[in-house]
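What follows is a short report on a single structure.
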Amino acid sequence: MAVDLTPDAAAQAVADRTRRFVRDTVLAVERARHGNAHSLPEQERLDLQAAARRAGVFAPHMPVAWGGLGIDRRGQALVFEEAGYSLFGPLALNIAAPDEGNMHLLERVATDEQQERFLRPLASGAVRSCFAMTEPAPGAGSDPAALATTATRVAGGWLLNGHKWFITGADGAAFAIVMARTSGAPGDRGGATMFLVDAGTPGMTLVRTIGTLDEAMAGGHAELRFDDCLVGDDAVLGEVDQGFVNAQVRLAPARLTHCMRWLGLARHAQDLALDRAADRHGFGARLADLGMIQQMLADNEIDLEASRALILRAAWELDDGGSGAQSTSIAKTFVAEAVWRIVDRALQVCGSLGVSDDIMLGRYLREVRPFRIYDGPSETHRWVISRRAVKRRAAERAS
Amino acid sequence: MAVDLTPDAAAQAVADRTRRFVRDTVLAVERARHGNAHSLPEQERLDLQAAARRAGVFAPHMPVAWGGLGIDRRGQALVFEEAGYSLFGPLALNIAAPDEGNMHLLERVATDEQQERFLRPLASGAVRSCFAMTEPAPGAGSDPAALATTATRVAGGWLLNGHKWFITGADGAAFAIVMARTSGAPGDRGGATMFLVDAGTPGMTLVRTIGTLDEAMAGGHAELRFDDCLVGDDAVLGEVDQGFVNAQVRLAPARLTHCMRWLGLARHAQDLALDRAADRHGFGARLADLGMIQQMLADNEIDLEASRALILRAAWELDDGGSGAQSTSIAKTFVAEAVWRIVDRALQVCGSLGVSDDIMLGRYLREVRPFRIYDGPSETHRWVISRRAVKRRAAERAS
Amino acid sequence: MAVDLTPDAAAQAVADRTRRFVRDTVLAVERARHGNAHSLPEQERLDLQAAARRAGVFAPHMPVAWGGLGIDRRGQALVFEEAGYSLFGPLALNIAAPDEGNMHLLERVATDEQQERFLRPLASGAVRSCFAMTEPAPGAGSDPAALATTATRVAGGWLLNGHKWFITGADGAAFAIVMARTSGAPGDRGGATMFLVDAGTPGMTLVRTIGTLDEAMAGGHAELRFDDCLVGDDAVLGEVDQGFVNAQVRLAPARLTHCMRWLGLARHAQDLALDRAADRHGFGARLADLGMIQQMLADNEIDLEASRALILRAAWELDDGGSGAQSTSIAKTFVAEAVWRIVDRALQVCGSLGVSDDIMLGRYLREVRPFRIYDGPSETHRWVISRRAVKRRAAERAS
Amino acid sequence: MAVDLTPDAAAQAVADRTRRFVRDTVLAVERARHGNAHSLPEQERLDLQAAARRAGVFAPHMPVAWGGLGIDRRGQALVFEEAGYSLFGPLALNIAAPDEGNMHLLERVATDEQQERFLRPLASGAVRSCFAMTEPAPGAGSDPAALATTATRVAGGWLLNGHKWFITGADGAAFAIVMARTSGAPGDRGGATMFLVDAGTPGMTLVRTIGTLDEAMAGGHAELRFDDCLVGDDAVLGEVDQGFVNAQVRLAPARLTHCMRWLGLARHAQDLALDRAADRHGFGARLADLGMIQQMLADNEIDLEASRALILRAAWELDDGGSGAQSTSIAKTFVAEAVWRIVDRALQVCGSLGVSDDIMLGRYLREVRPFRIYDGPSETHRWVISRRAVKRRAAERAS
């Protein structure tokens, strides 16, 4: 067996259908809403998903048993990139963050009862969800050990207390997966536990949705408070005190699917730049014939190819049973910065048109900026990447 | 006489007052409007200017005879940076683009009558203005030779016909300075002429204001049409066919004052990052004690200092009677990219807080992005910078 | 069939043997010569190759029929990287430039007689060769259309006239493959033809070897002159006037194997940095625990992974029968710049030790610098990459 | 008084003479030695200095009383840049490192007797000197607190013991200024003292000169050992235990004059690139008319201007009596990286010619690389720059 990069035919077919679906159906909705999904009416989301189902591209990542197309990570790299060509594509296919990561987590960690109750409607697109981990300073941010929200054992369940911040999709979510400390104290790692909390549970309050630079996540980013929020034992997702471990199940693939989706958007940005460069003239030449423009277009091509190659590498490792810890950190760090460069260059190529809302590049620039912060800022990833490299080399020298 | 970088005491005093004025008065308004001046009510603008007058910082750039403080370019570097610390500071001091550049142009090129009619109310802040040069493709953009709007000699004046795009401040402006072709054809340089056109002149239509990534310029950016718009001979600003030459009077200083203002905003971004780095802890340390954060903070300091030094160099040259062509191009190219890097790094240091509207960094990022395009994109400036360098060197070799 | 990145077991075994061979045998020779192969005695080269043969790693790229190990491009990516860990590894395995590319060219284009006479001794390592294409200004450099060396039909063969420059390996080569114009004139593409010219042929003169920043290519870089150099009809390699076409056979793979080799050297540089970071203390911590050092180490890891992924992508395409034109240009541009960054960062991590000859980083820095120029400078590759992107997009829009 | 950037006429005159002197006299020597001063015969150095004296440009930085031209830091910025246009210019003018910094230190800190004995011959160019501070790991490098060399009080003087590394100019120096610990232990700051040690003093051994990437410092970089090296009380330079404080006298200006000299070399590199771009054709155009080349040339111009402006800013501060701590750190960090970028781009513009020894760019690239490490690596400077910024901001917030 040698290395083979031939794409899986079934996944390629879904990717091709997704490409057409996005162009024929999704882009017009994105345009009409100027890419703002924070306030997208629920019915529009459901309509988009119904259209995706008709187009044969709905829930490509879920097993067939859960109503999906059963495409593995390598195949998802193809399909998610096509979906990500529009900000609304992932929503339409039901592969948007944070739902896509939550589905994966529930499928792997939840009990049968929890799966029926929470995963079933999530996989079908009937509801949305959120993942409540991040806290305002000095709580858990890049450093999960700072986790300050607590879950205290009481008769018949647990009492949640704490403050969450930047909880994507919380507004309108049917339920939240809440990370709370069940042992230890902020600053040491100790034990965390994940809880499934229905919307409307007394003591869980949506304080506000936070105005943000990006606006393409359904439900936006919200601040939540937990004040003696009581949940039953059946709310525990996975094992008590195993929250950090189980979060890993979600984290590595979730950061990789982010890369796949954003890569699609970056490709869209590059297409807009290529179109502009071909159409616009100045200084007696097409823009596409001017060296500095060519340099930006070529750098975009290089960044796109390198991003794609790193994503595929990590996806293969995950499919192959690897942890993907290092490869997804590397992919995430590179791709988050590459898509940022790509959209920025595309906007520069397009000049004042790129600044205007007449095309979507300004919106895209706003959307990709936070990716260098969400799912672990580049600095945190670089820290762990370097630590692993130092360890690997120490082992080599010792051998 | 040796090099002396001691700031002028009078200018420094105005800068100090401006610093206090911005902190005490302007930032709250910026915050309340989240930095959006595209739709700032006229009365708020006038109130801010009245406050600036009371604070002794109004119109620092105008001669005393015109109601200003008579501060030269070197002194403006100090004052404008302080004003630019807030997006609304330049509006308050009546030194915002495009009015500031238009005042300079009118002062230098207009007849006495034109000055009384147009410069007087502009300098006092009673009205706003715009400068109508850029055109949609394939018209004048980075390459002015593509100018397609025409002015045709008719009995009693001129008929303007054409299409303008991205005319900053047009919505609400009392008059426009319109650049139109009076000889030659698009593609060759030929002759252009500037015309002063009152708002409401028949045949001049504001087609729309363009939605844009940035939103801090009063009146936003608009699309204008000229359809047999008749203006009198007294509308000619400067000489017929001397429009490109006279535009140079405006261009070099205008791009430099842009740098001064944006530098202030970049310093504000750095202050936000320094505050966050000092206050936020993670991984057992203050952010300010983590190497990768220190690197970003230090790079910001370096970029700020280099920007300031290049601005001062060009300002001195202008005060000294030089054209400033090369030095302002160099300053503009460097500063536009430096302020972008600075705000971007500051946002990264602040993490999700930086992405949120709880602080203004996301807004600042949006505002500084177009500066790499407005007033000549970086690529155009690099082109002329390299051409001048090649010529200079050729002359050296020949000597 | 889905994407599979599992390395071929046979190639992996050769790579593992190569890794040991380089560490056990090659590095000491590199050290003794401080990486200078320009003046490496022929016997040392032959000794290294004999050792490689004993280690079972000689000529991994050649078909078994030619005494090689028959490893395809994907496998070569593994083996060449291991060989490239030392500047002398490729020489030892007989996979150094330009011989490796010349072997490939001869195998694909030469007649049986030519193969016996030229390829046989080259594949066995008995002789070295060179490829004489580049000319001094204003001749063929980045732009092959400028080719000025001519071959004129005469009775019994061809007369070569012209001036070549930067001909790698010419000093000591048994023969040269010479590119000469057989139709058209400099500036238009016209027709070129390749000729096989034995060392010592009257009229072919080695003017000098050129002192260069890099010194690790056997034979260095030389200047050649052709003055009425007469060769027979059997010296024509491929078809008359098909030189540019046949050069493509060599160019795409040759630039890719360059990437593979340099990637190995970059990994070596990173290992030196990792060792130093682990061993050296300052400011109360190991270097490896300082954030700015971690950033450099992490960026090196990312650049290594992205380089490897792009190389593998292009290698697979070549094995799969594709032209590899775009993928090898992208890989070459990215990898040439990435290895430069990697070695530069490694040197910075090592501080004054890195500057000293006590370790090889200064030498490595010198060696990798020209790679951004050799085999097409980055600018030329970016030009073609952007052109292909514009064409691809135009086709998409038309469909 | 307002900002004035008009250069001092006297300094400008020396700069103009220096420019001619370098072109007429120095460049030929540099060329003949291919920029290698590590092994420059002493007589050639003395001949160059005699020529500089005849040209009226010798020792521009020294007071007239010491045989110099009495030019202040601002004027030195002009003159040193001109001298630095050639690697051998600073040697000729007697303003090369480390002598130039040592002269300044001796002038400020030494006793009259010490000045007569050490400064007199140094200022006249009769001898060279060195500054022995850096130590091999784990001793003093970027972190001076790690200082391990000790000076122990004994009857009649001090016993020096320790190991020094990378002592520039030690080979051939008439004396060394040695930094040794007189209180405290490695790791805490404690007290250091500077000693003046004549060459040939028993117990001071030159272990070896270290092979390095750079080769343009007279005497190269050496390793020294001190084994019970006895010096008298009159060897103490400054006060006992005040070594770190007095080192500051030397450090800030020394890193700035480094910037001035390297800036000259970078300008030379740019001139070579401009010449090549003007002369070489490809793809139907002059290189100077190709966009990607123009971008490199323009970026070089920008980097040159920004470097010059930051240097002048710091020079003025030093002349004005400021410590220059922050401004010289900022200048050093920026300029060290800028000159590296400039030479690298120039080499890229020149292609294979740039790689060759036919022009000096490869040599220049080697020379400027260590500047990012010498006199404090960029990382150390960024660390202190960020710390000062955090403190400055904290003070602002407190007010």
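Per-chain residue numbering starts at 1, and chain names A, B, C and D are given in the order in which the chains are listed.
Note that in this section a contact is a pair of C-beta atoms (placed from the backbone, for glycine too) under 8 Å apart; a residue touches a chain by one contact, two chains touch by 3 or more.
The structure presented is a predicted model; accordingly, all values stated were derived computationally and were not measured.
Starting at chain A, find the fewest moves between touching chains needed to arrive at chain D.
The least step count works out to 1.
Using the stated contact rule, I'd like to know whether C-D or B-D comes out ahead in C-beta pair count.
Between the two chain pairs, B-D has more contacting C-beta pairs.
Determine, using the mean of C-alpha atoms as each chain's centre, which chain is farthest from chain B.
Relative to chain B, the chain whose C-alpha centre sits farthest away is C.
Provide the C-alpha centroid distance between chain B and chain C, rounded to the nearest whole angstrom.
Computed value for the inter-centroid distance: 51 Å.
Just curious, how far off is chain D from chain B if you go by their C-alpha centres, in Å?
Centre separation, chain B to chain D: 40 Å.
Touching at least two other chains at once: which residues of chain B meet that condition?
Where chain B meets two or more other chains at a single residue, that happens at 290-295, 379, 382-383.
For the complex, which residues does chain C have touching chain A?
Checking each residue of chain C against chain A gives 1-9, 11, 72, 74-75, 270-271, 274-275, 277-278, 288, 291, 293-295, 297-302, 305-306, 309-310, 312-313, 315-317, 319-320, 327, 330, 333-334, 379, 381-383, 385-387, 389-390, 393-394, 396-397.
Of all residues in chain D, which touch chain C in the complex?
Those residues of chain D that touch chain C are 34, 134, 137-138, 141-143, 146, 165-166, 187, 210-214, 221, 279-284, 290, 292-293, 344, 347-348, 351-358, 362, 365-366, 369-370, 372-374, 377-379, 382-383.
What part of chain D is in contact with chain A in the complex they form?
290-295
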